Structures are given as structure tokens and as C-alpha cells.
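In the part that follows, the structures are each spelled out as C-alpha cells.
Common to both upcoming complexes is subunit A, partnered first by subunit B, then by subunit C.
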Partner chain A sequence: MSTFESIVKVISDYREMDPEEITLSTTFEDLALDSLDMTEILMGLEDEFGITIEPDEKLENVEQLVTFIDDQLEKNA
Partner chain B sequence: MSFTITGTGSYLPGKVVTNDDLTAFLDTSDEWISTRTGIRARHVAAQETVTDMAVAAARAALEDSGSTPEQVDLILCATLAGEYITPSLGCMVQKELGAHCPAYDLNAACSGFLYALDAAAGYFARGRVKKVLVICAEAMTRLMDWTDRSTCVLFGDGAAAAVLEPGEDLLSIHLSAAGNNDALCIPHVNGNCPYSGYDRGPASLMMNGQEVYKFAVSAMSKGVEKVAEEAGISLEDIALVVPHQANMRILEAARKKLGMPAEKIASNIDQCGNTSAASLPILLDQLSRQGRLKKGDLLALTAFGGGLTTGACILRWAKEKK
Partner chain C sequence: MIKTPICDLLGIEYPVFQGGMAWIADASLAAAVSNGGGLGIISAMNANGEWLRGQIREAKKLTDKPFGVNIMLMSPFADEVAKVVVEEGVPVVTTGAGNPAKYMPAWLEAGIKVIPVIPSTGIAKRVARAGAAAVIAEGGESGGHIGELTTMALVPQVCDAVDIPVIAAGGIADGRGFAAAIMLGAVGVQMGTRFLVAHECNVHPNYKKKILEAGDIDTASTGRRLGHPVRSLKTPFTREYMKKEYDPNVSNEELEGLGAGALRKAAVEGDEKAGCFLAGQIASMVTKEQPAAEIITDVCTQAEEILKGACKWVR
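Our next item is the complex of A and B:
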């Protein structure tokens, strides 16, 4: 599963929504996700990837989150 | 030998400040605060001192247990700050109650009630006491920066107390600490020593909300799992989880991690906000007086707080249903 697919799975499970509705350009504002929701999603991604993520970036959309997670995966490798 | 709780009491100050009241001077809204935290109102000690609140809660607990101050062997106060650095809040309560026993304070922030229960259990195990008064009291509103809308809306004031006597109702308990002054801190006052150039900064709460949130969700859920396992019970055996009331979103996230139904997670955060160490025992007293607890119920108490500290226990409730 790619990083994008894992992110879609975590977000769609969290929001209990159809994963097809999430694309790279989907913003977190579109999904009504506030900073606490983002913290929970990052915690879900930590479980998914088995890594620790430092939530210090202001992420606005799914594409930025994909890049951010790929960077974190590289740091943890 | 641990203890049994024979009485509880609590005190919430008379002044209630709603989210709408805060909008008079803060750039915030009821919708923003309640959706992010679950808080709609908090009690503020406008007239009362921390000692006043602690004494009121202690008197209520003593009455509930059918005890007198003279019978108390130890007063343990969990607080961040009473009126004085010294005398301790415990000593001030001892004075007002007319008790004759040793008294001291402990600071484990919002985990204070669990830390105090654990300390009390040690005294009972050594056979040193027959009656312990555990009090948690906090005027968090006096420790806030009221220009910081991200923190001052979260907290309220109040106090609660429990009378402990010999028994076997503490089935398991687990505390932890992970020293961290970046995630959450309240600096002490500076004083005016001419030789010391060290500036602690303003004596008001600073918090990294996301870091604390992450810590809290993990701490609360893992704490309950750990103490249930140590007590040899399953999560289904738990009648009610009585958690520290910091944020409804934390409670909900921890609940999901535990896989427990909503009706098993007690809460009063909508009306009280976060009253630090007092939050858990205030809720416990309210549950008792509302008749929601029955003798034999297994309660999971779980808390986290500044330190960073955590505490959790499985407590068998001994009092008859009110």
C-alpha cells in the first residue's frame, strides 16, 4: 500500500467516510479536520507505519501530508 | 492491606462563567470551545480561597463517612498551588478543620488524586493510619494567562476530598512520570533577589496542546488496560471509567482505543472544565451522590497531567448506592 493509500485509509476510517472521496488535492478544511483531528490522524499513521511522528508542521491538504509522511519514513529508516 | 473509601465530598465555587461570558473579552466562541473541548461552562473561585474550597470539600467528605476531624490520622493534599508556598494547603486545612494530624501537599498536577491514593495506600500497608483525608483543590483560573485564548478557556476551579479507612478496595494502581517542561509548565514566581538574574518568565500556564493531546490519549487508554490486567479483570468487568476531565475529545479518543461504550465513560467536563487534580474526585463524588455507583462496582480511575505524570487504578466501590 502506498503512503497515499495508507493516509486515505486512516482518514476515511477516522471520518467514517467513503475513501473514494479523498484525493491528493483534498484539504483538511474540506474534511472539517481541526488540529486535534490532525493529531489523531497522525497517531493513526504512527500505528499504521510503526514510526514516531513529530507533529510540528502546518499541513493543509492530503498531498502535503503524503510528502510529510514520506520525509518521516525516510528519517526513521 | 490497602484502603476503602468511606466518604467523598466536593465543592464547586458559586460563580459560573459560560463560554459566551468569555466572548466579552476573548476572541473566541461557544461553538469553538465546545466543539474542541466539550466545555460549556466552568466554576471560578471569585470569592473563595483554595483553602476555603478544600475545607468545604473535606467537611463534606467527613460527613459522608461519618467521621470527625479529630479522628483523621493524616491529611494529604494534592494541589499545584494554595494561597502560600508555606504553610502547605494541607496545614491550612488542618488548622481550619481543627484536626491534630500530620499534613502535607503533593504536586503531581492533574494526576494528583491517583498519586495521593498511592501514597495513602503505603501508610495503610505499614499500619500507620486508620483514617486518611485525601483532598484535591485547585484555583486553576489564577494560574492562567487570561489573554491566551488557547489555554484560559480550558480550566476551572474546585475541590474534592475522600476519606480512606483500612480495607482491600484498591485492586491495582500504576503511576508514571516522564519529566517534560516543554509540553506543559507553570513557572514559579521570580521574587526580587538582587543577586539572581534568572527570570522564570510569567507565572502562568503554557502548553503545547497537540503534544499534550497525544500524550493524554495514549496515557489514558494504556493506563486503564494496564491496571485492569494487574487487577486480573477484563475491560468488560469495569462498571465505569472515571477519567481526569481535561478535554472531551481526549476522552472520546481514549474510549475508542479501549473499545468501550460511551455510557461507561463518566464526564462532567461540560460544566466544570479542567480542575486539575480536583477533576477526578469531583466527578467521583458527583457520581456517588447521583446514585450512579453501587457497592461492588469496579471503577477504573485514570489521569494524566503536568510532569508529565500519569496515574490509573482499579478501585472497588464500597458505599451503598445512594
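Our next item is the complex of A and C:
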């Protein structure tokens, strides 16, 4: 499963929504995810990828999250 | 005498923290609370490093007891003040409005006890993992920026979620709230509104008067639409704000603009029309000005009596 697909799975499970509705350009504001929701989602992704995910900057959309996680995976490899 | 693990951890006599209220919690109040045996906390709010340094040095002249600094992580000066607390040897840092993870390594290396204010179990777990010494679980009864859960719901769940000490905050005005916090699993309490009327608090007299005159339904939460709700006393400012908040023709930018500077107007100028008077739901239980030390002993003495009598209904 690619990073994008894993993110879609975690978010769509959390929001109980159709995964097809989530694209790279989907923003977290579109999904009505506040900072508390983002904490839960990041923790779900940590379990999924087995790494710690602590973004310094606020991530606005799915594409930024994919890039951030890919960078972390590369650092941890 | 109430003694819990947080007393030994921080070197304080009573497990009572004073909230790091922006524009209110300065060196004078923090030192008075620390001298009274609690943990006084200076609010770094949105001020720069040199302002904070001045406050820390002032507090050190007024007390030799431990005190803390609250860092508002959304401040444009967060990086700067994060360094100042290390340089000035501040023993305790509390944080709010964000994730303190990036500052933790430097703070832990400096021996600082980091105690984030948290609104959920998820955030509690993350900060515990990053090395927090304790957490302050603050429910929506509090004044200022509020989370979704009440103190009653949040505190026991956070106690279940982490192994580090939990301080309860939000809706605590006296010994009853303190005793209740202990029953929920906390080992201490943080109070904001109650300390606002301390003699040593330099907030404008109008602010103190409004707290002392407040009734139980006199606070409201505004700003939910912007994603960061705030609890304050109902005033012309909040009424105006709420009208615009519910008006879809008013943009988020305009709403943000309405709020800018409103707390300062309340705390420094006592502006009863345009000021935003942050206060918790227990404001109506705060009925007299007292020295900070007396507030601490009143709350702890009452809590002790209640806890000793807590089994009276058990047959």
C-alpha cells in the first residue's frame, strides 16, 4: 500500500467516509478535521507506519502529509 | 495538610498551580502564589524574549521558591521565549495552544519540568511520550481557550491514558473542586479565575469587580466558528461578537480582527464595552479579594476537611 493509500485508509476509517472522496488536494479543512482530530489521525498513522510523526509546521492537505511521511520514512530507513 | 507526588516533584508545599493567564499572570502574582506554597506561573503570552526575561528576573527578586512560565506555542515569539526559559534557569514550563515536541529536547536537557496543558487523551499521550513531567487536563469550564470536554469527563480519561501525574483545571474555585479533582484521579489543581482577584494580581480593578459580581450563567463561549473557542464574561463585546459569529456574511478574517487586542483592553484598561474578560464558569463562586497565600490555604484546608469526611455516606 502506498503512503497515500495508507493515509486515505486511516482518515476514511476515522471519518467513516468513502475513501474515493479523498484526493491529494483534499484539505483537512474540507474534511472538518480540527487539531484534536489531527492528533488522533497522526497517532493512527504512527501505528500504521511504525514511526513517530511530529510535524513542525501545520499541514494543510493530504499531499503535504504524504510528503512529510515519505520524508520521515526515508530518514528512518 | 494535603501532600501529593506533584509536591515532591516540583518542590512545592501545596499541589496548587496558578494558571498562566495572558496579561494577568505577571511576576507579582506568580511570586505571591509561590511564596504562598503553590506554583506561581508567569504568562509569556505573545510577548518577546526580553520582556519575559525581565519578568523572570523580577520574580526571582520576589521569591526563592519554584515558579513556572507558561508558553503559548502559537506566539510569534515562541522560539525566543523557549530559549529564555533555559537561559534563565526556570524550573517549570507549562505550555498551551500547540505541541511542545520541538522544544522538549532542549528543555529536558536543561532539567526543566515540562507540564503541558492538554484538552484530550491523544495529546496527553503524545506529550507524555515526549518526556512531559506531568499534564494539566483542562476542561471547558475554564476561562480562556477551551477544549471540547468538561473537567469531569476529561480528567479520569487522561488519568487512565498516561502514567505521569495529572493536574486538573477548569471549574475549580474552592476545596470542593479540589477534592473532586482528587476523586477523579488528579494529584493537584490549577486555578485561574480564583487567583485573578488575589491582592497581588495587577489586573485592572474593573476586571476584578466583574468577576466578583458575576453570576453562574454569566460566561459564554465565543470563537467556535474559528476553531478556537474562548470562554469569557458576557459583555457588550461578547454579544457583538456572537451576532457576527452566527452571521454567514461576516468573514473569518473580520471575526479574528474583532478579537484582536480585546483581552488587553479588559485586563489593562478595564474597558467594559470593548474588552474581553476571560473567566471560567466558577466566576460566581469567587466572592472576595484575598492575598494569594490565603486563597491557597483556604482551598487546601476546605479540601482536606471534605476528603476526610468523604466516607460519610458509605455504609
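Note that in this section the second predicted complex is superposed on the first by the 76 of 77 C-alpha atoms of A that agree within 3 Å, B and C clash if a C-alpha of one lies under 4 Å from a C-alpha of the other, contacts with A are read in each partner's own complex, and residues count from 1 in each chain.
The criterion applied here is as follows: a contact is a pair of C-beta atoms (placed from the backbone, for glycine too) under 8 Å apart; a residue touches a chain by one contact, two chains touch by 3 or more.
For clarity, every value in this text was computed on a predicted model and none was experimentally measured.
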Combined model on subunit A where subunit B meets subunit C, clash or fit: clash
Which superposed partner A:1 touches (first subunit B, second subunit C, both, neither): neither
Partner chain in contact with A:40 - subunit B first, subunit C second, else both or neither: both
Touching partner for A:77 - first (subunit B), second (subunit C), both, neither: neither
Subunit B/subunit C common contact set on subunit A: 34-36, 39-40, 43
List of subunit C residues in touch with subunit A within their complex: 99, 101-102, 119-120, 122-123, 125-126, 129-130, 147-148, 227
Subunit B to subunit A touching residues, read off their complex: 35-36, 209-211, 213-214, 217-218, 247, 249, 253
List of subunit A residues in touch with subunit C within their complex: 34-36, 39-40, 43, 52, 54, 56
Subunit B-touching residues of subunit A, taken from the complex the two chains share: 34-36, 38-40, 42-43, 55
